[in-house]
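Order of writing sets the labels: A, B and C. Residues in every chain begin at 1.
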Amino acid sequence: MSTKTKIESLLFISAKPIGTKEMAQLIKKDVKELQAAADELMADYNEKKGGLQIIKNGSSYQMVSAPENSSLIQDFIKDETAGELTRPSLETLTIIAYRGPIAKLELERIRGVNCSLIIRNLLIRGLIEAKPDKKKNETYYSVTFDFIRFLGINDIKDLPNYEKLSKDDTLDKVLKEDRGVNNL
Amino acid sequence: MLDFKTEKFQGPLALLLQLIEKEELDITEVSLAKIADQYIEYIKKVGQIDPEATADFLVVAAKLLYIKSKALLPYLYPEEDEEVEELEQQLKMYKEFLEAMKIIEGMIGKKKFAFAREFNRKALLNNINFFSPPKKLTKENMSTVFEELISVIRPQEEKLEEEKLERKINIEDKILSIQQIVLDKIKINFSKIMEKAESKTEIIVSFLAILELIKQRNIFVDQDDLFGEITINKNN
Amino acid sequence: MSTKTKIESLLFISAKPIGTKEMAQLIKKDVKELQAAADELMADYNEKKGGLQIIKNGSSYQMVSAPENSSLIQDFIKDETAGELTRPSLETLTIIAYRGPIAKLELERIRGVNCSLIIRNLLIRGLIEAKPDKKKNETYYSVTFDFIRFLGINDIKDLPNYEKLSKDDTLDKVLKEDRGVNNL
(Lines give C-alpha, C1' and ligand atoms only; values in the text may rest on other atoms or scores of the structure.)
Protein backbone atom coordinates (compact mmCIF):
# COMPACT_ATOMS: atom_id res chain seq x y z
CA MET A 1 0.00 0.00 0.00
CA SER A 2 1.16 3.54 -0.62
CA THR A 3 2.33 5.89 2.13
CA LYS A 4 -0.85 7.89 1.68
CA THR A 5 -3.19 5.00 2.38
CA LYS A 6 -1.04 3.95 5.33
CA ILE A 7 -1.41 7.43 6.80
CA GLU A 8 -5.12 7.16 6.13
CA SER A 9 -5.37 3.91 8.11
CA LEU A 10 -3.33 5.31 11.00
CA LEU A 11 -5.33 8.51 11.29
CA PHE A 12 -8.52 6.47 11.26
CA ILE A 13 -7.45 3.92 13.88
CA SER A 14 -5.77 6.32 16.28
CA ALA A 15 -8.91 8.48 16.58
CA LYS A 16 -6.66 11.23 17.92
CA PRO A 17 -4.06 13.56 16.43
CA ILE A 18 -0.77 11.97 15.37
CA GLY A 19 2.46 13.77 14.63
CA THR A 20 4.50 13.30 11.47
CA LYS A 21 7.43 12.00 13.49
CA GLU A 22 5.46 9.14 15.01
CA MET A 23 3.90 8.26 11.66
CA ALA A 24 7.26 8.37 9.91
CA GLN A 25 8.66 5.89 12.42
CA LEU A 26 5.73 3.52 12.08
CA ILE A 27 5.60 3.67 8.28
CA LYS A 28 9.40 3.71 8.03
CA LYS A 29 9.71 6.74 5.83
CA ASP A 30 11.61 9.90 6.49
CA VAL A 31 9.69 12.77 8.05
CA LYS A 32 9.87 15.01 5.00
CA GLU A 33 8.45 12.41 2.66
CA LEU A 34 5.78 11.58 5.17
CA GLN A 35 4.76 15.19 5.66
CA ALA A 36 4.42 15.64 1.90
CA ALA A 37 2.20 12.55 1.65
CA ALA A 38 0.10 13.67 4.63
CA ASP A 39 -0.41 17.12 3.14
CA GLU A 40 -1.42 15.55 -0.16
CA LEU A 41 -3.88 13.26 1.59
CA MET A 42 -5.32 16.21 3.48
CA ALA A 43 -5.76 18.14 0.24
CA ASP A 44 -7.48 15.12 -1.38
CA TYR A 45 -9.97 14.87 1.47
CA ASN A 46 -10.71 18.53 1.62
CA GLU A 47 -11.18 18.77 -2.13
CA LYS A 48 -13.55 15.84 -2.18
CA LYS A 49 -15.84 17.47 0.39
CA GLY A 50 -17.10 14.13 1.63
CA GLY A 51 -18.14 13.06 5.11
CA LEU A 52 -14.57 13.00 6.42
CA GLN A 53 -11.90 15.65 6.65
CA ILE A 54 -8.31 15.84 7.75
CA ILE A 55 -7.26 18.74 9.92
CA LYS A 56 -3.80 19.94 10.79
CA ASN A 57 -2.21 21.67 13.74
CA GLY A 58 1.50 22.34 13.52
CA SER A 59 3.01 19.08 12.33
CA SER A 60 0.18 16.84 13.56
CA TYR A 61 -2.90 15.59 11.74
CA GLN A 62 -6.31 14.32 12.77
CA MET A 63 -9.16 12.71 10.87
CA VAL A 64 -12.56 14.16 11.73
CA SER A 65 -16.15 14.21 10.52
CA ALA A 66 -17.18 16.95 8.11
CA PRO A 67 -18.30 20.10 9.96
CA GLU A 68 -21.36 20.26 7.67
CA ASN A 69 -22.68 17.11 9.35
CA SER A 70 -22.20 18.54 12.82
CA SER A 71 -25.82 18.38 13.98
CA LEU A 72 -26.24 14.81 12.70
CA ILE A 73 -23.20 13.65 14.68
CA GLN A 74 -24.33 15.55 17.73
CA ASP A 75 -27.65 13.72 17.58
CA PHE A 76 -25.85 10.41 17.19
CA ILE A 77 -23.37 10.72 20.05
CA LYS A 78 -25.81 12.73 22.16
CA ASP A 79 -23.33 15.50 22.50
CA GLU A 80 -24.75 18.68 23.92
CA THR A 81 -21.83 20.99 23.34
CA ALA A 82 -23.35 24.35 22.61
CA GLY A 83 -20.06 26.02 21.94
CA GLU A 84 -20.58 28.54 24.65
CA LEU A 85 -17.57 30.55 25.58
CA THR A 86 -17.54 33.76 27.54
CA ARG A 87 -16.13 36.94 26.09
CA PRO A 88 -12.87 36.85 28.08
CA SER A 89 -12.30 33.22 27.10
CA LEU A 90 -12.98 34.01 23.46
CA GLU A 91 -10.72 37.02 23.53
CA THR A 92 -7.91 34.95 25.02
CA LEU A 93 -8.47 32.10 22.58
CA THR A 94 -8.44 34.47 19.62
CA ILE A 95 -5.09 35.91 20.60
CA ILE A 96 -3.60 32.46 21.24
CA ALA A 97 -4.99 31.20 17.92
CA TYR A 98 -3.36 33.97 15.90
CA ARG A 99 -0.22 34.47 17.92
CA GLY A 100 0.46 31.05 19.44
CA PRO A 101 2.80 29.75 20.66
CA ILE A 102 2.62 32.74 22.96
CA ALA A 103 3.89 33.32 26.51
CA LYS A 104 1.52 34.36 29.27
CA LEU A 105 3.24 37.69 29.73
CA GLU A 106 2.76 38.61 26.07
CA LEU A 107 -0.85 37.50 26.18
CA GLU A 108 -1.51 39.67 29.20
CA ARG A 109 0.20 42.61 27.56
CA ILE A 110 -2.16 42.38 24.62
CA ARG A 111 -5.28 42.00 26.73
CA GLY A 112 -4.18 44.40 29.43
CA VAL A 113 -5.42 42.07 32.16
CA ASN A 114 -4.24 39.14 34.18
CA CYS A 115 -5.13 35.90 32.38
CA SER A 116 -4.19 33.16 34.89
CA LEU A 117 -7.69 31.91 35.62
CA ILE A 118 -8.80 31.97 32.02
CA ILE A 119 -5.70 30.08 30.92
CA ARG A 120 -6.34 27.43 33.54
CA ASN A 121 -9.94 27.07 32.44
CA LEU A 122 -9.00 26.80 28.76
CA LEU A 123 -6.33 24.21 29.60
CA ILE A 124 -8.86 22.12 31.50
CA ARG A 125 -11.34 22.34 28.64
CA GLY A 126 -8.61 21.21 26.29
CA LEU A 127 -8.92 24.24 24.00
CA ILE A 128 -5.32 25.30 24.56
CA GLU A 129 -2.17 23.46 25.53
CA ALA A 130 0.96 24.53 27.36
CA LYS A 131 4.49 23.79 26.28
CA PRO A 132 7.36 24.67 28.57
CA ASP A 133 10.49 26.16 27.03
CA LYS A 134 13.15 25.18 29.52
CA LYS A 135 15.86 27.32 28.01
CA LYS A 136 13.82 30.48 28.33
CA ASN A 137 12.18 29.27 31.53
CA GLU A 138 8.82 30.21 30.06
CA THR A 139 5.58 28.43 29.14
CA TYR A 140 4.08 28.88 25.70
CA TYR A 141 0.41 28.39 24.84
CA SER A 142 -1.14 27.23 21.57
CA VAL A 143 -4.63 26.21 20.53
CA THR A 144 -5.43 22.49 20.27
CA PHE A 145 -7.10 20.26 17.72
CA ASP A 146 -10.23 20.48 19.85
CA PHE A 147 -10.36 24.21 19.18
CA ILE A 148 -9.80 23.71 15.46
CA ARG A 149 -12.59 21.12 15.40
CA PHE A 150 -14.79 23.56 17.24
CA LEU A 151 -14.37 26.15 14.50
CA GLY A 152 -14.92 23.65 11.71
CA ILE A 153 -11.75 24.67 9.87
CA ASN A 154 -8.89 22.53 8.61
CA ASP A 155 -5.94 24.43 9.91
CA ILE A 156 -5.50 27.39 12.20
CA LYS A 157 -3.94 29.14 9.23
CA ASP A 158 -7.37 29.13 7.57
CA LEU A 159 -8.59 31.71 10.06
CA PRO A 160 -9.62 34.96 8.41
CA ASN A 161 -6.78 37.44 8.19
CA TYR A 162 -4.30 34.93 9.61
CA GLU A 163 -1.35 36.19 7.64
CA LYS A 164 -1.80 39.73 8.79
CA LEU A 165 -2.71 39.18 12.41
CA SER A 166 -0.16 36.50 13.10
CA LYS A 167 2.59 38.74 11.84
CA ASP A 168 1.30 42.07 13.02
CA ASP A 169 4.15 44.57 13.11
CA THR A 170 2.44 46.65 15.73
CA LEU A 171 2.37 43.70 18.03
CA ASP A 172 5.97 42.76 17.48
CA LYS A 173 6.99 46.32 18.08
CA VAL A 174 5.09 46.62 21.32
CA LEU A 175 6.34 43.32 22.59
CA LYS A 176 9.89 44.16 21.73
CA GLU A 177 9.88 47.64 23.19
CA ASP A 178 8.20 46.43 26.24
CA ARG A 179 10.29 43.46 27.08
CA GLY A 180 11.57 43.71 30.57
CA VAL A 181 9.68 46.86 31.42
CA ASN A 182 7.07 44.77 33.15
CA ASN A 183 4.65 47.61 33.56
CA LEU A 184 1.50 45.95 32.39
CA MET B 1 -21.48 58.92 28.45
CA LEU B 2 -21.66 55.18 28.19
CA ASP B 3 -24.29 53.27 29.99
CA PHE B 4 -22.01 51.51 32.42
CA LYS B 5 -24.69 49.34 33.86
CA THR B 6 -25.34 47.50 30.63
CA GLU B 7 -21.76 47.43 29.42
CA LYS B 8 -19.65 44.75 30.96
CA PHE B 9 -16.06 45.50 30.24
CA GLN B 10 -13.59 42.69 29.90
CA GLY B 11 -10.68 44.84 30.87
CA PRO B 12 -9.19 48.31 30.77
CA LEU B 13 -8.44 48.19 27.05
CA ALA B 14 -11.97 47.13 26.17
CA LEU B 15 -13.27 50.03 28.21
CA LEU B 16 -10.85 52.49 26.68
CA LEU B 17 -11.66 51.37 23.18
CA GLN B 18 -15.36 51.68 23.78
CA LEU B 19 -14.99 55.19 25.17
CA ILE B 20 -12.95 56.31 22.18
CA GLU B 21 -15.34 54.77 19.68
CA LYS B 22 -18.33 56.29 21.43
CA GLU B 23 -16.80 59.72 20.89
CA GLU B 24 -15.94 58.77 17.32
CA LEU B 25 -12.29 59.47 17.89
CA ASP B 26 -9.27 57.83 16.32
CA ILE B 27 -6.77 56.11 18.49
CA THR B 28 -4.29 58.95 19.02
CA GLU B 29 -2.51 60.62 21.85
CA VAL B 30 -4.92 63.55 21.72
CA SER B 31 -7.94 61.25 21.99
CA LEU B 32 -6.42 59.39 24.91
CA ALA B 33 -5.88 62.66 26.74
CA LYS B 34 -9.49 63.65 26.05
CA ILE B 35 -10.88 60.40 27.27
CA ALA B 36 -8.90 60.20 30.54
CA ASP B 37 -11.58 61.82 32.71
CA GLN B 38 -14.35 59.56 31.45
CA TYR B 39 -12.23 56.52 32.04
CA ILE B 40 -11.51 57.50 35.62
CA GLU B 41 -15.15 58.37 36.11
CA TYR B 42 -16.02 54.82 35.10
CA ILE B 43 -13.63 53.20 37.54
CA LYS B 44 -15.08 55.31 40.31
CA LYS B 45 -18.66 54.45 39.44
CA VAL B 46 -18.32 50.76 38.87
CA GLY B 47 -16.97 50.13 42.34
CA GLN B 48 -17.21 46.39 42.49
CA ILE B 49 -14.33 45.01 40.46
CA ASP B 50 -12.21 42.44 42.20
CA PRO B 51 -8.86 43.72 43.49
CA GLU B 52 -6.79 42.06 40.81
CA ALA B 53 -8.91 43.50 38.01
CA THR B 54 -8.86 46.88 39.71
CA ALA B 55 -5.07 46.84 39.54
CA ASP B 56 -5.22 46.25 35.79
CA PHE B 57 -7.66 49.14 35.38
CA LEU B 58 -5.48 51.42 37.49
CA VAL B 59 -2.35 50.75 35.46
CA VAL B 60 -4.13 52.11 32.41
CA ALA B 61 -5.62 54.97 34.44
CA ALA B 62 -2.11 56.00 35.46
CA LYS B 63 -0.99 55.96 31.84
CA LEU B 64 -3.96 58.06 30.80
CA LEU B 65 -3.30 60.62 33.51
CA TYR B 66 0.27 60.80 32.36
CA ILE B 67 -0.86 61.41 28.79
CA LYS B 68 -3.33 64.03 29.94
CA SER B 69 -0.77 65.87 32.02
CA LYS B 70 1.54 65.78 29.04
CA ALA B 71 -1.15 67.36 26.89
CA LEU B 72 -1.70 70.08 29.50
CA LEU B 73 1.96 70.81 30.14
CA PRO B 74 3.71 69.75 26.94
CA TYR B 75 6.96 71.61 27.66
CA LEU B 76 7.67 69.40 30.66
CA TYR B 77 7.89 66.23 28.61
CA PRO B 78 10.21 64.96 25.92
CA GLU B 79 9.02 65.15 22.35
CA GLU B 80 9.11 61.47 21.71
CA ASP B 81 7.52 59.40 24.34
CA GLU B 82 7.56 55.63 24.24
CA GLU B 83 5.06 55.31 27.01
CA VAL B 84 2.39 57.14 25.04
CA GLU B 85 3.19 55.43 21.79
CA GLU B 86 3.01 52.10 23.54
CA LEU B 87 -0.52 52.59 24.86
CA GLU B 88 -1.61 53.85 21.47
CA GLN B 89 -0.24 50.78 19.74
CA GLN B 90 -1.49 48.43 22.37
CA LEU B 91 -4.96 49.79 21.89
CA LYS B 92 -4.80 49.56 18.10
CA MET B 93 -3.66 45.98 18.33
CA TYR B 94 -6.30 45.11 20.88
CA LYS B 95 -8.88 46.51 18.50
CA GLU B 96 -7.67 44.25 15.71
CA PHE B 97 -7.96 41.18 17.90
CA LEU B 98 -11.36 42.23 19.11
CA GLU B 99 -12.53 42.31 15.50
CA ALA B 100 -10.99 38.90 14.87
CA MET B 101 -12.73 37.62 17.98
CA LYS B 102 -16.09 38.65 16.61
CA ILE B 103 -15.43 36.64 13.48
CA ILE B 104 -14.42 33.60 15.52
CA GLU B 105 -17.50 34.03 17.68
CA GLY B 106 -19.57 33.93 14.50
CA MET B 107 -17.82 30.78 13.31
CA ILE B 108 -18.47 28.98 16.59
CA GLY B 109 -22.03 30.23 16.52
CA LYS B 110 -22.65 28.33 13.29
CA LYS B 111 -22.04 25.13 15.22
CA LYS B 112 -20.15 23.47 12.42
CA PHE B 113 -18.14 21.26 14.71
CA ALA B 114 -15.92 18.51 13.37
CA PHE B 115 -15.87 15.41 15.56
CA ALA B 116 -13.18 12.85 16.25
CA ARG B 117 -14.00 9.14 16.26
CA GLU B 118 -15.53 7.66 19.33
CA PHE B 119 -13.09 5.81 21.51
CA ASN B 120 -13.85 2.14 21.88
CA ARG B 121 -11.33 -0.13 23.51
CA LYS B 122 -12.93 -3.27 22.17
CA ALA B 123 -12.84 -2.05 18.60
CA LEU B 124 -9.18 -1.14 18.89
CA LEU B 125 -7.88 -4.29 20.56
CA ASN B 126 -8.38 -7.85 19.44
CA ASN B 127 -8.09 -9.07 22.98
CA ILE B 128 -10.31 -7.52 25.65
CA ASN B 129 -8.06 -8.81 28.40
CA PHE B 130 -5.11 -6.89 27.00
CA PHE B 131 -2.97 -5.63 29.88
CA SER B 132 0.24 -3.73 29.37
CA PRO B 133 1.66 -2.30 32.60
CA PRO B 134 4.75 -0.11 32.77
CA LYS B 135 7.19 -2.81 33.82
CA LYS B 136 9.34 -0.79 36.21
CA LEU B 137 6.50 0.80 38.15
CA THR B 138 6.31 -0.22 41.83
CA LYS B 139 3.81 0.53 44.56
CA GLU B 140 6.45 2.69 46.24
CA ASN B 141 6.70 4.81 43.06
CA MET B 142 2.96 5.27 43.23
CA SER B 143 3.01 6.81 46.71
CA THR B 144 6.09 8.92 45.96
CA VAL B 145 4.53 10.44 42.84
CA PHE B 146 1.28 11.10 44.67
CA GLU B 147 3.07 12.73 47.61
CA GLU B 148 5.09 14.93 45.28
CA LEU B 149 1.94 15.93 43.47
CA ILE B 150 0.23 16.93 46.69
CA SER B 151 3.19 18.98 47.82
CA VAL B 152 3.24 20.89 44.53
CA ILE B 153 -0.48 21.57 44.62
CA ARG B 154 -0.70 22.48 48.30
CA PRO B 155 -1.49 26.19 48.41
CA GLN B 156 1.28 28.24 49.93
CA GLU B 157 -0.27 29.92 52.87
CA GLU B 158 1.79 33.05 52.78
CA LYS B 159 0.61 35.80 54.98
CA LEU B 160 0.83 39.11 53.29
CA GLU B 161 2.41 41.85 55.32
CA GLU B 162 -0.14 44.25 56.60
CA GLU B 163 0.47 47.88 56.07
CA LYS B 164 -1.63 50.73 57.21
CA LEU B 165 -2.85 53.03 54.52
CA GLU B 166 -2.30 56.69 55.07
CA ARG B 167 -5.25 58.93 55.47
CA LYS B 168 -6.59 59.70 52.07
CA ILE B 169 -6.35 63.24 50.83
CA ASN B 170 -9.00 63.92 48.31
CA ILE B 171 -8.30 66.45 45.60
CA GLU B 172 -11.96 67.42 45.31
CA ASP B 173 -12.09 68.23 49.02
CA LYS B 174 -8.95 70.26 48.69
CA ILE B 175 -10.34 72.25 45.80
CA LEU B 176 -13.45 73.01 47.80
CA SER B 177 -11.51 74.08 50.85
CA ILE B 178 -9.19 76.35 48.88
CA GLN B 179 -12.18 77.81 47.08
CA GLN B 180 -13.75 78.48 50.45
CA ILE B 181 -10.60 80.18 51.77
CA VAL B 182 -10.32 82.39 48.73
CA LEU B 183 -13.99 83.18 48.91
CA ASP B 184 -13.58 84.28 52.55
CA LYS B 185 -10.28 86.07 52.25
CA ILE B 186 -10.06 86.99 48.55
CA LYS B 187 -6.29 86.49 48.77
CA ILE B 188 -4.03 83.94 50.47
CA ASN B 189 -0.38 82.90 50.32
CA PHE B 190 0.53 79.37 49.38
CA SER B 191 2.87 79.18 52.37
CA LYS B 192 -0.21 79.53 54.62
CA ILE B 193 -1.78 76.53 52.98
CA MET B 194 1.47 74.60 53.34
CA GLU B 195 1.63 75.34 57.05
CA LYS B 196 -1.60 73.50 57.67
CA ALA B 197 -0.56 70.48 55.67
CA GLU B 198 0.19 67.33 57.62
CA SER B 199 2.23 65.56 55.00
CA LYS B 200 4.12 66.03 51.80
CA THR B 201 1.28 64.35 49.93
CA GLU B 202 -1.12 66.94 51.23
CA ILE B 203 1.12 69.75 49.93
CA ILE B 204 1.24 68.12 46.52
CA VAL B 205 -2.50 67.63 46.43
CA SER B 206 -3.00 71.26 47.47
CA PHE B 207 -0.76 72.35 44.63
CA LEU B 208 -2.69 70.19 42.16
CA ALA B 209 -5.93 71.65 43.47
CA ILE B 210 -4.57 75.13 42.79
CA LEU B 211 -3.58 74.15 39.26
CA GLU B 212 -7.08 72.84 38.67
CA LEU B 213 -8.64 76.03 40.04
CA ILE B 214 -6.43 78.10 37.75
CA LYS B 215 -7.53 75.98 34.82
CA GLN B 216 -11.17 76.48 35.78
CA ARG B 217 -10.46 80.21 36.04
CA ASN B 218 -11.66 80.37 39.62
CA ILE B 219 -8.41 81.88 40.79
CA PHE B 220 -5.28 83.50 39.46
CA VAL B 221 -1.86 83.40 41.04
CA ASP B 222 1.17 85.66 41.25
CA GLN B 223 4.74 84.77 41.95
CA ASP B 224 7.34 87.54 41.81
CA ASP B 225 10.56 85.51 41.95
CA LEU B 226 11.63 82.00 41.35
CA PHE B 227 10.73 79.96 44.49
CA GLY B 228 9.18 83.09 45.91
CA GLU B 229 5.81 83.33 47.62
CA ILE B 230 2.80 82.37 45.53
CA THR B 231 -0.21 84.54 46.08
CA ILE B 232 -3.60 83.08 45.33
CA ASN B 233 -6.31 85.52 44.28
CA LYS B 234 -9.97 85.11 43.69
CA ASN B 235 -10.92 85.63 40.09
CA ASN B 236 -13.83 88.01 39.60
CA MET C 1 -24.69 17.32 2.29
CA SER C 2 -25.78 14.21 0.42
CA THR C 3 -27.07 11.09 2.15
CA LYS C 4 -23.87 9.31 1.18
CA THR C 5 -21.59 11.75 2.94
CA LYS C 6 -23.88 11.71 5.96
CA ILE C 7 -23.57 7.94 6.14
CA GLU C 8 -19.83 8.34 5.74
CA SER C 9 -19.65 10.68 8.74
CA LEU C 10 -21.76 8.35 10.88
CA LEU C 11 -19.78 5.24 10.03
CA PHE C 12 -16.57 7.10 10.73
CA ILE C 13 -17.64 8.38 14.14
CA SER C 14 -19.09 5.12 15.37
CA ALA C 15 -16.54 2.60 16.55
CA LYS C 16 -19.23 -0.08 16.20
CA PRO C 17 -21.31 -1.30 13.23
CA ILE C 18 -24.50 0.72 12.64
CA GLY C 19 -27.73 -0.65 11.22
CA THR C 20 -29.59 0.89 8.31
CA LYS C 21 -32.62 1.47 10.52
CA GLU C 22 -30.73 3.61 13.02
CA MET C 23 -29.03 5.54 10.23
CA ALA C 24 -32.33 6.10 8.43
CA GLN C 25 -33.80 7.58 11.60
CA LEU C 26 -30.84 9.85 12.22
CA ILE C 27 -30.60 11.05 8.62
CA LYS C 28 -34.38 11.18 8.22
CA LYS C 29 -34.56 9.09 5.05
CA ASP C 30 -36.48 5.88 4.49
CA VAL C 31 -34.59 2.65 5.03
CA LYS C 32 -34.63 1.62 1.37
CA GLU C 33 -33.15 4.84 0.14
CA LEU C 34 -30.60 4.71 2.90
CA GLN C 35 -29.56 1.17 2.13
CA ALA C 36 -29.04 2.06 -1.53
CA ALA C 37 -26.84 5.01 -0.60
CA ALA C 38 -24.87 2.90 1.90
CA ASP C 39 -24.25 0.19 -0.69
CA GLU C 40 -23.11 2.78 -3.17
CA LEU C 41 -20.74 4.28 -0.60
CA MET C 42 -19.35 0.86 0.20
CA ALA C 43 -18.72 0.19 -3.50
CA ASP C 44 -16.94 3.57 -3.82
CA TYR C 45 -14.65 2.73 -0.93
CA ASN C 46 -13.84 -0.76 -2.06
CA GLU C 47 -13.14 0.40 -5.58
CA LYS C 48 -10.80 3.13 -4.39
CA LYS C 49 -8.65 0.68 -2.43
CA GLY C 50 -7.53 3.33 0.03
CA GLY C 51 -6.64 3.03 3.69
CA LEU C 52 -10.27 2.68 4.77
CA GLN C 53 -12.92 0.15 3.86
CA ILE C 54 -16.59 -0.33 4.54
CA ILE C 55 -17.82 -3.80 5.46
CA LYS C 56 -21.35 -5.08 5.67
CA ASN C 57 -22.88 -7.67 7.96
CA GLY C 58 -26.59 -8.30 7.40
CA SER C 59 -28.02 -4.80 7.38
CA SER C 60 -25.25 -3.23 9.42
CA TYR C 61 -22.25 -1.34 8.11
CA GLN C 62 -18.89 -0.61 9.64
CA MET C 63 -15.90 1.47 8.59
CA VAL C 64 -12.58 -0.27 9.17
CA SER C 65 -8.96 0.20 8.21
CA ALA C 66 -7.73 -1.68 5.13
CA PRO C 67 -6.72 -5.24 6.05
CA GLU C 68 -3.48 -4.74 4.09
CA ASN C 69 -2.38 -2.28 6.78
CA SER C 70 -3.14 -4.53 9.75
CA SER C 71 0.49 -5.07 10.72
CA LEU C 72 1.01 -1.31 10.72
CA ILE C 73 -1.97 -0.97 13.02
CA GLN C 74 -0.57 -3.60 15.35
CA ASP C 75 2.73 -1.72 15.48
CA PHE C 76 0.85 1.44 16.29
CA ILE C 77 -1.02 -0.17 19.18
CA LYS C 78 2.19 -1.70 20.50
CA ASP C 79 3.84 1.70 20.29
CA GLU C 80 1.03 3.34 22.22
CA THR C 81 0.84 0.75 24.94
CA ALA C 82 4.40 -0.40 25.60
CA GLY C 83 7.05 1.15 27.77
CA GLU C 84 7.04 3.26 30.90
CA LEU C 85 4.53 6.00 31.60
CA THR C 86 5.25 9.67 31.11
CA ARG C 87 5.20 11.85 34.19
CA PRO C 88 1.73 13.33 33.43
CA SER C 89 0.32 9.82 32.88
CA LEU C 90 1.91 8.57 36.07
CA GLU C 91 0.43 11.47 38.03
CA THR C 92 -3.00 10.81 36.61
CA LEU C 93 -2.70 7.12 37.45
CA THR C 94 -1.70 7.79 41.06
CA ILE C 95 -4.58 10.23 41.52
CA ILE C 96 -6.97 7.58 40.24
CA ALA C 97 -5.34 4.97 42.50
CA TYR C 98 -5.50 7.02 45.71
CA ARG C 99 -8.66 8.96 44.99
CA GLY C 100 -10.66 6.69 42.73
CA PRO C 101 -13.40 6.31 41.76
CA ILE C 102 -12.94 9.83 40.50
CA ALA C 103 -14.68 11.84 37.76
CA LYS C 104 -12.77 13.15 34.76
CA LEU C 105 -13.46 16.79 35.54
CA GLU C 106 -12.14 16.37 39.07
CA LEU C 107 -8.97 14.80 37.74
CA GLU C 108 -8.57 17.68 35.34
CA ARG C 109 -9.13 20.29 38.01
CA ILE C 110 -6.47 18.68 40.17
CA ARG C 111 -3.98 18.50 37.34
CA GLY C 112 -5.02 21.80 35.76
CA VAL C 113 -5.13 20.38 32.24
CA ASN C 114 -7.39 18.33 30.06
CA CYS C 115 -6.76 14.61 30.60
CA SER C 116 -8.74 12.99 27.76
CA LEU C 117 -5.78 11.51 25.91
CA ILE C 118 -4.02 10.30 29.05
CA ILE C 119 -7.19 8.63 30.33
CA ARG C 120 -7.66 6.95 26.97
CA ASN C 121 -4.14 5.60 27.01
CA LEU C 122 -4.48 4.27 30.56
CA LEU C 123 -7.75 2.61 29.51
CA ILE C 124 -6.17 0.95 26.47
CA ARG C 125 -3.32 -0.40 28.58
CA GLY C 126 -5.80 -1.90 31.00
CA LEU C 127 -4.51 0.09 33.97
CA ILE C 128 -7.78 1.87 34.71
CA GLU C 129 -11.45 1.24 33.99
CA ALA C 130 -14.42 3.51 33.45
CA LYS C 131 -17.76 3.24 35.18
CA PRO C 132 -20.57 5.46 33.98
CA ASP C 133 -22.87 6.93 36.61
CA LYS C 134 -26.03 7.51 34.65
CA LYS C 135 -27.76 9.46 37.35
CA LYS C 136 -24.99 12.04 37.51
CA ASN C 137 -24.29 11.80 33.79
CA GLU C 138 -20.63 11.37 34.66
CA THR C 139 -17.96 8.70 34.21
CA TYR C 140 -15.86 7.57 37.15
CA TYR C 141 -12.42 6.02 36.88
CA SER C 142 -10.70 3.47 39.11
CA VAL C 143 -7.60 1.32 38.71
CA THR C 144 -8.18 -2.23 37.45
CA PHE C 145 -7.70 -5.36 39.49
CA ASP C 146 -5.03 -6.42 36.99
CA PHE C 147 -3.05 -3.34 37.88
CA ILE C 148 -3.54 -3.80 41.64
CA ARG C 149 -2.18 -7.32 41.36
CA PHE C 150 0.66 -6.11 39.16
CA LEU C 151 1.79 -3.86 42.03
CA GLY C 152 1.97 -6.93 44.22
CA ILE C 153 -1.02 -6.14 46.43
CA ASN C 154 -4.55 -7.50 46.74
CA ASP C 155 -6.46 -4.38 47.45
CA ILE C 156 -6.00 -0.75 46.52
CA LYS C 157 -6.01 0.05 50.25
CA ASP C 158 -2.72 -1.83 50.56
CA LEU C 159 -0.92 0.94 48.67
CA PRO C 160 1.76 2.59 50.83
CA ASN C 161 0.30 5.24 53.11
CA TYR C 162 -3.18 4.75 51.63
CA GLU C 163 -5.13 5.80 54.73
CA LYS C 164 -3.30 9.09 55.06
CA LEU C 165 -2.83 9.98 51.40
CA SER C 166 -6.33 9.17 50.24
CA LYS C 167 -7.70 11.52 52.89
CA ASP C 168 -5.25 14.36 52.37
CA ASP C 169 -7.37 17.47 52.11
CA THR C 170 -5.06 19.32 49.69
CA LEU C 171 -6.93 18.01 46.68
CA ASP C 172 -10.32 18.71 48.25
CA LYS C 173 -9.23 22.29 48.75
CA VAL C 174 -8.20 22.63 45.12
CA LEU C 175 -11.52 21.22 43.96
CA LYS C 176 -13.44 23.52 46.22
CA GLU C 177 -11.50 26.64 45.26
CA ASP C 178 -12.01 25.94 41.65
CA ARG C 179 -15.74 25.95 41.75
CA GLY C 180 -16.97 28.74 39.57
CA VAL C 181 -13.92 28.83 37.37
CA ASN C 182 -16.07 27.16 34.78
CA ASN C 183 -18.10 30.29 34.43
CA LEU C 184 -15.20 32.20 33.01
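Definition applied: contacts are C-beta pairs under 8 Å (C-beta built on N, C-alpha and C of every residue); 3 or more make two chains touch, one makes a residue touch a chain.
Computed from a predicted structure; not experimentally measured.
Asks: Taking each chain's centre as the average of its Cα atoms, which is closest to the average over all protein Cα atoms shown?
Replies: A
Asks: Relative to chain B, which chain's C-alpha centre is the most remote?
Replies: It is C.
Asks: Just the number, please: Cα centre separation of chain B and chain C in whole Å.
Replies: 46
Asks: In whole angstrom, how far does the Cα centroid of chain A sit from the Cα centroid of chain B?
Replies: Each chain reduced to its C-alpha mean, chain A and chain B end up 32 Å apart.
Asks: Between chain A and chain C, what's the gap in Å when you average each chain's C-alpha atoms?
Replies: Roughly 21 Å separates the two chain centres.
Asks: Can you list the residues of chain B that touch 2 or more other chains?
Replies: Residues 115, 117-119, 124 of chain B touch two or more partner chains.
Asks: Which residues does chain A have that touch at least 2 chains other than itself?
Replies: Correct list: 12-13, 15-16, 63, 65-66, 68, 73, 77, 88.
Asks: Report the residues of chain B in contact with chain A in the complex, numbered from low to high.
Replies: Within the complex, chain B contacts chain A at residues 8, 10-13, 52-53, 55-56, 59-60, 82, 86, 89-90, 92-94, 96-98, 100-101, 103-105, 107-119, 124.
Asks: Show which residues of chain A lie in contact with chain B when the two form their complex.
Replies: These residues of chain A touch chain B: 12-13, 15-16, 53, 55, 62-68, 70-71, 73-74, 77, 79, 81-83, 85, 87-88, 90-91, 93-95, 97-98, 109-114, 145, 148-153, 159-161, 165, 168, 170-171, 173-174, 177-178, 183-184.
Asks: Under the touch definition given earlier, write down the residues of chain A that touch chain C in their complex.
Replies: Within the complex, chain A contacts chain C at residues 1, 4-10, 12-16, 22, 25-27, 49-52, 63, 65-66, 68-69, 72-73, 75-77, 86, 88-89, 117-118, 120-121, 123-126, 129-130, 144, 146.
Asks: Which stretch or stretches of chain B touch chain C in the complex?
Replies: Within the complex, chain B contacts chain C at residues 115, 117-125, 129-143, 145-147, 149-150, 153-155.
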